[in-house]
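In the two complexes that follow, chain A is the common piece, with chain B as its partner first and chain C second.
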Partner chain A sequence: MKLSYVIKRVLYSLFVFAVVITLNFFIPRIGVEDPAERYYPPQGNMSEIEYEIVKQLTREQYGFHVSTWQQFLNYLKGLAQGDLGTSFRPGSPKVLDLIKERLPWTLVLSVSTMLIGLIVGVLFGVVAAVKRGRWQDTLLLNASTVMVALPSFFIALVLSFYLGFEWEIFPAYTDSTMVSEFAWTWEGISRVARNAALPVMSMMVGSIISYAQGTRNAVIAVTNEDFVLTARAKGLKRSTIRYKHILRNSLLPIVTSLGMSISGLIGGQVVIEQVFNWNGMGTLFLEANQTNDYPLMMGIMLLLSGFTILSILLTDLVYVLLDPRVTVGDKR
Partner chain B sequence: MEQVLKLRNLKVVFPTDYGLIRAVEGVDLDIYHRECVALVGESGCGKSVTSQAVMRLLDSPPALIRMDVLEFDGRDLTQCTEAEMQEIRGKELAMIFQDAMTSLNPVMTVGNQIDEMYRRHYGDSKQAAREKTVHALELIGIPEPKERANSFPHQLSGGMRQRVLLAMAFACMPKLIIADEPTTALDVTIQAQVLKTLRGMQRGCGTSLLLVTHDLSVVAKMADRVYVMYAGKIVEKAPVKELFTNPHHPYTVGLMAAVPRLTDEKKKFTQIPGTVPSPVHKPSGCYFHPRCEYATERCRREMPRLEPMGRDRQVRCFHPLGVGGKSSD
Partner chain C sequence: MTKRLLLLVLVGALALPLAGCQTGRGSHRPDPNTLYVGAVQSSFPSAYMPWLSREGIAPTIANMLYSSLFSYDEETDRYLPSIGREWYYVDENGEPILTEDGSIDYARLEEIYSDPQYDYLAVKVIIHQDITWSDGVPLTVEDIYYSFDLATNHALSNHAGALAWTSDLKHKYNNGVLVEKGLFTYERGALEQGYHIDPAERDYVIYLHVNKVLGAVTPLFTSVLILPKHVWEPVVSRENQLNSSSPSAELLYRYTHPVGCGPWVLDTEQSGSQQIVLHRRQDYHLKKPDGSPLYGVDTIKFILYKEQNVALYALLKGHIDVLDSSVSSNYLLLFAKEKDLFVSNAPGTFTQTLVFNLNPVASERNPLRDLLANREFRKALALAVNQDELIKNVLDGAGVPASAGLMRPSLTDFYNPEADSIVPRDYAQRLALANEILDGIVPDKDKDGYRLLGGERISFKILGTPGEQDVVSFLQIQFKKIGIDVQYAPKGAQPESTYLYTSKFDLVLQGVIFSLSNVDIMYPAHFSTLGRTSNYGRLVNEGLNAAIEEMRYTLNLNRKYELLKEIQPMIAQEFYKVPLYTANVISVARTDRFTGFQVVEGSTVFNSESLQNLRRVEGR
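Showing the complex of A and B:
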């Protein structure tokens, strides 16, 4: 029964991915005229015939010389071989190579933010739930109210102004040689850590508070369940009840929000990366947008949506492990 | 006879934004060895709060709890620390709850949930505990106990789940089991089977039982003695036979009349007029007087005391029925 559930979920995810690939290919093509004309306007001393040849060559170079359907088939063929297409950038770099270059730097920020947010947030949330109504809980409530009004880029600006420019504790601006001079040495790593400090700090506040809030509410909701009273009536110790009965049941909503945030890991934070001059996926996407480099945009979008589908699938599968009731709903 | 539970003057108050909710106002309970005592009343009369207060499971805050005596098996529970209470709960003083679906942890197998009893109170190993669990499930009438132990609560029927709760409560052969509406969530045929099992187990194990219920038919089947509760106070206490043949308090009489009978065709199926008073604004005098057809001026002014009425009977009424020539109908 569980196996059939897993197969069903996987097939469903594959179907969604196929739809995403199709839409991802056709939507950018709706409003765009001949890319050759668009990216190579007539040069001053070029004759009409020469210009036609240049355009034709450009089309052939990017695979636009065939019909749209044929292009789609070629695109699918490329995808099957792990080729996301070729960027319009000078030098015609492969989209996949551009992404490979930026993704690790985005992951440095996003994964550390998520881990700190998850660990600190869940701990804080459990404490707030246990100390319900006391100062720890009030602190969380007030902090989350303030956070609603404080976007992360504002925190980023404040942090970069004080910790960066005024007190010079952390670099306010990522130095451009961090990436080019990176090596797996102690110095290289600590340099990345120092540069990442401010962007991570500006993002983790919100992350911690949202995990804490979710955990607190889940723990309180589960604490009021009847089976917790049963567990107490059985004479179980408070710690046993807390970890074996309450926390396990509170995990479900936490796993959901974790799954949701996994897909955000590779997207990068466009604004935060801009504020701190961090060359990650967010910046790459912004550049692609500004230069109308749609093979690159398509590549990033495809990666993002593929990752989203994958993380939702994983969330669903983890649910099966955590909650034995999940398959019941599937049987109906 | 050996007394298992002695409760004197239990008072429980919940402070709320609307005022104080006086849930329990001076309840006394006595339960003897091997006895089944029923605590009867409408919803909101304080019977569940009373049972949880005896288990010392009420959280304070929010509840404000006061009692003069809480003796269980010769021990003064009011002096026990939380750690000592945890040793007693489940092992000597167990509880069965109303809705087995929500009272069992949905993500743990029922076997694991019963194992916990043996592992906690006897320090058994996983295997030893499971052996005892399977035996307990078998005893309580669950077919294929070994397989069933690996089921999750949602995979069992309502009656099975309730039996799991029974097996859990009887696991350590406690001296007293408090069953809070143990069959209310079940349909009538299953209810009868579960009650039969409960009665059989109680007799077989020599356990005392405090049965909290609103269902008089359950009381008639199960109980030896009955406490009738209304708006946080005991209004009548009697052995079960005497209560059914000759109820003294007008509220008890009203409850009896509200049970439809197959045998009495003459008697109409009646209901008690009015509703249970709001726990925040209880009426003056006797709490039952606004719904009582025998109420007098004195009932409106004064709260009657719980007076002895013959052997082992008590009633809280100025004008008890069925006494000295007055008839109860």
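Showing the complex of A and C:
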């Protein structure tokens, strides 16, 4: 891999991140005359003068009393020290602490879903491509059509109702003490697995279909390439051709999908988390939005953006490893 | 090979979900003495400082852990004892201003305090003598003094709500310096002020000076949850304000380990972001007349649900006893098929209204909105509203028509039926009258309805939430009957900033609640004050404003009631906030473990009266 290419990609990513930080700071302020008024709407029979005092104090408390540029500089200073700000919530918790509390639980769902989706999906895709036109392929195509029409919240509600409430095979929603009583024991892990079963199932169906569809199309495209014909002509074993020549060369679109999935790992799934009472990042963002908790919203958005930029950077670098011909933005 | 690999991966992928299979079907409500309560919201609070609890279930929990001086009973218009045992206004010598039967003597109160030398009313509060905080320390008037003093001293509390609640208290700070004293106890200037307190009662009597408004005591008595001085005073300072954006470890500990004087105590070990556990305090000072505990359950476990359908299934399948959330009338049919359910279809207190933008700021005026400035035009639209049809179609019958004076008929002391006799009852007659009015104002009309002189169709947008679209749809049908077109427009997340305060709307749906306890604040906000208040359509009516002002400042309760009755027809005649309906509050509980749930106006079935009446079902 060329060092100049890596440096260029890293610099691009840093530039995009700087733009994201700037937008992340200014966008929530657009159309807001006075953040203090949003934080504390007028209430009671407070006089205008009293309310002005209250607003001034609220501005000072959350640093809105200085100019917007000064606020931006303070924000950058805080970021440099790893401080994402203070939430508006009672007790004024640090945004980073709130994220730390929720992120692991989101990762439980998203990583499980991604791994199951990747493994099963790739395998299904290969089988469908190899058995092109036969029932395995038809099944995948039909399943894709059906799944596109079924939103994950519908699947979640159906699974929760039948497998959870009616037949009681899995917990219909998260045990309210799972998080507070969690311990790194077999019992603790098994409890998390039990509670994660339905949310993961709700999400993995779409994930499997997506990877399978991508793999099938890529494998079919590569199977028709000349080098595969050459390999066959050389008399190589069928499995060698399938896994070493075809599958490896079909990996680029799968890596793209995987890269996009990685960027979504920490965002959480709002609807799935709501249906299953899962305390993850999705509902944290929703709560921040519902309560006008700007610092929290900005913190989550920054984290998501940063993670997305990082995952795109990694995807680009992995591309080069897989296919040295890739030279995005480089002169040939 | 492929088949074997496929099988292996399938087994591996299913391992995680299969690990989740439940081994048995245990009871979802294992403890027979615990009431399991579902709450639908996005999260539970992590801090329980009562003054900071504003969202979701936090105020409910705060009111169970802490107490205010009194609670207010709308029906009887009385303050019920809580921390406070009794209260009354006093004269300059501290003598009660009471009639022989012990009620407030408003005539004498007016006589004494009409004197301009007084710019306050003096109130004496006597508290119960057997109250303790949950850590065992006795509660005294020092705690009351500390709480009100802290609330008024923003330099220490940094709490806007507290300033609002105490804005009628004549106890003021300026940048941390006391500039006006309005709280007096035995040890804090009562004698110097001329108020006698028996030394034996020194810990239980406090005098307050409040603004000369009868409603001044309401927020002081009912909104300020009293804090334990011994817990907060040592840690609250200018550097560590009560509401701090970077609380110290000591403050944080107090936020998360509440010490209250309410009937319940928080189980900090078992409570977290997804459940809250409260235990009944055995030493709570209020008891039933027979001396038994006031509340019928030992423990309450609140369980978080983020999705209402899941919460309802959880209730129907016996995971919880009661849902602390109102549900749509669409669910009534579902409940009818279930056994062991108590459905509370409680009369509501919340009146849905249609508000006209009758006086937009100059930049937002246009020929259509000019029509709304015409009271007769508004009357024509109001005549077309058929509340019975709206209740039948939008609420499935779970509601009642609202009064044109916007006061609930259940508030018999000051509801004025005259407000409802301004327009005819017969709907056909009303439609005919509406068209008669419109023909006089807008002469251009075709088969599709009325048009402006330039040919523009008369069509208004009604701002509402997505959930209110069906209301607008039925209003569309009703207004179509008189030839006026209306369309739904989304309100958005911040309607005050984006539409309402800036006059960028034609009509908007708005819920209102008026009662004796809030009219002093709400009437000016809804009908008099211009700017950033609920008077979105910017009504200006000098006569109404004068009546509201007099009602707010009169010290004669009878006159206040008379004015309230006079104001209702004035509101109705403006056709400014036109009532649509008052929706019932539908909620549901299971009766297989506990019975005695109570229907309370404006409340879900999880209410204080239910908690006082709950009894275990024998053998369950």
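In this text, the second predicted complex is superposed on the first by the 313 of 332 C-alpha atoms of A that agree within 3 Å, B and C clash if a C-alpha of one lies under 4 Å from a C-alpha of the other, contacts with A are read in each partner's own complex, and residues count from 1 in each chain.
Going forward, a residue touches a chain if its C-beta (ideal position, glycine included) is under 8 Å from a C-beta of that chain, and two chains touch if they have at least 3 such contacts.
Fair warning: this is a prediction, and the values are worked out from it, not measured in the lab.
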Simultaneous placement of chain C and chain B on chain A, clash or fit: fit
Which of chain B and chain C A:V120 touches, first, second, both or neither: second
First, second, both or neither for A:L286, with chain B first and chain C second: second
Contacts of A:D83 with chain B and chain C, given as first, second, both or neither: neither
First, second, both or neither for A:D226, with chain B first and chain C second: first
First (chain B), second (chain C), both or neither touched by A:N249: first
Partner, of chain C and chain B, that touches more residues belonging to chain A: C
Contacts of A:D323 with chain B and chain C, given as first, second, both or neither: first
Contacts of A:L236 with chain B and chain C, given as first, second, both or neither: first
Which superposed partner A:S180 touches (first chain B, second chain C, both, neither): second
Centroid geometry (CA): angle chain B/chain A/chain C, rounded to a multiple of 10 degrees: 150
Minimum distance between Cα atoms of chain B and chain C in the superposition (Å): 17
Residue numbers on chain C that touch chain A, as the complex places them: 1-2, 5-6, 9-10, 12-13, 16-22, 25, 42-43, 45-47, 49, 52-55, 58, 154, 158, 160-161, 163-165, 167-168, 219, 243-247, 252, 255-256, 270, 272-275, 303-307, 309-310, 313-314, 317, 319, 494, 496-498, 520-521, 532-533
Of chain A, residues touching chain C in the complex: 31-33, 38, 40-47, 50-51, 53-54, 57-58, 61-62, 86, 89-93, 101, 112, 116, 119-120, 123, 126-127, 130, 157, 160-161, 165, 168-174, 176-180, 190, 193-198, 200-201, 204, 239, 273-277, 279, 283-284, 286-287, 290-291
Sites on chain B touched by chain A in the complex: 55, 57, 85-91, 94-95, 97, 99, 102-108, 116-117, 120-121, 152, 154, 165, 168
Sites on chain A touched by chain B in the complex: 225-227, 229-237, 240, 244-245, 248-249, 322-325, 328
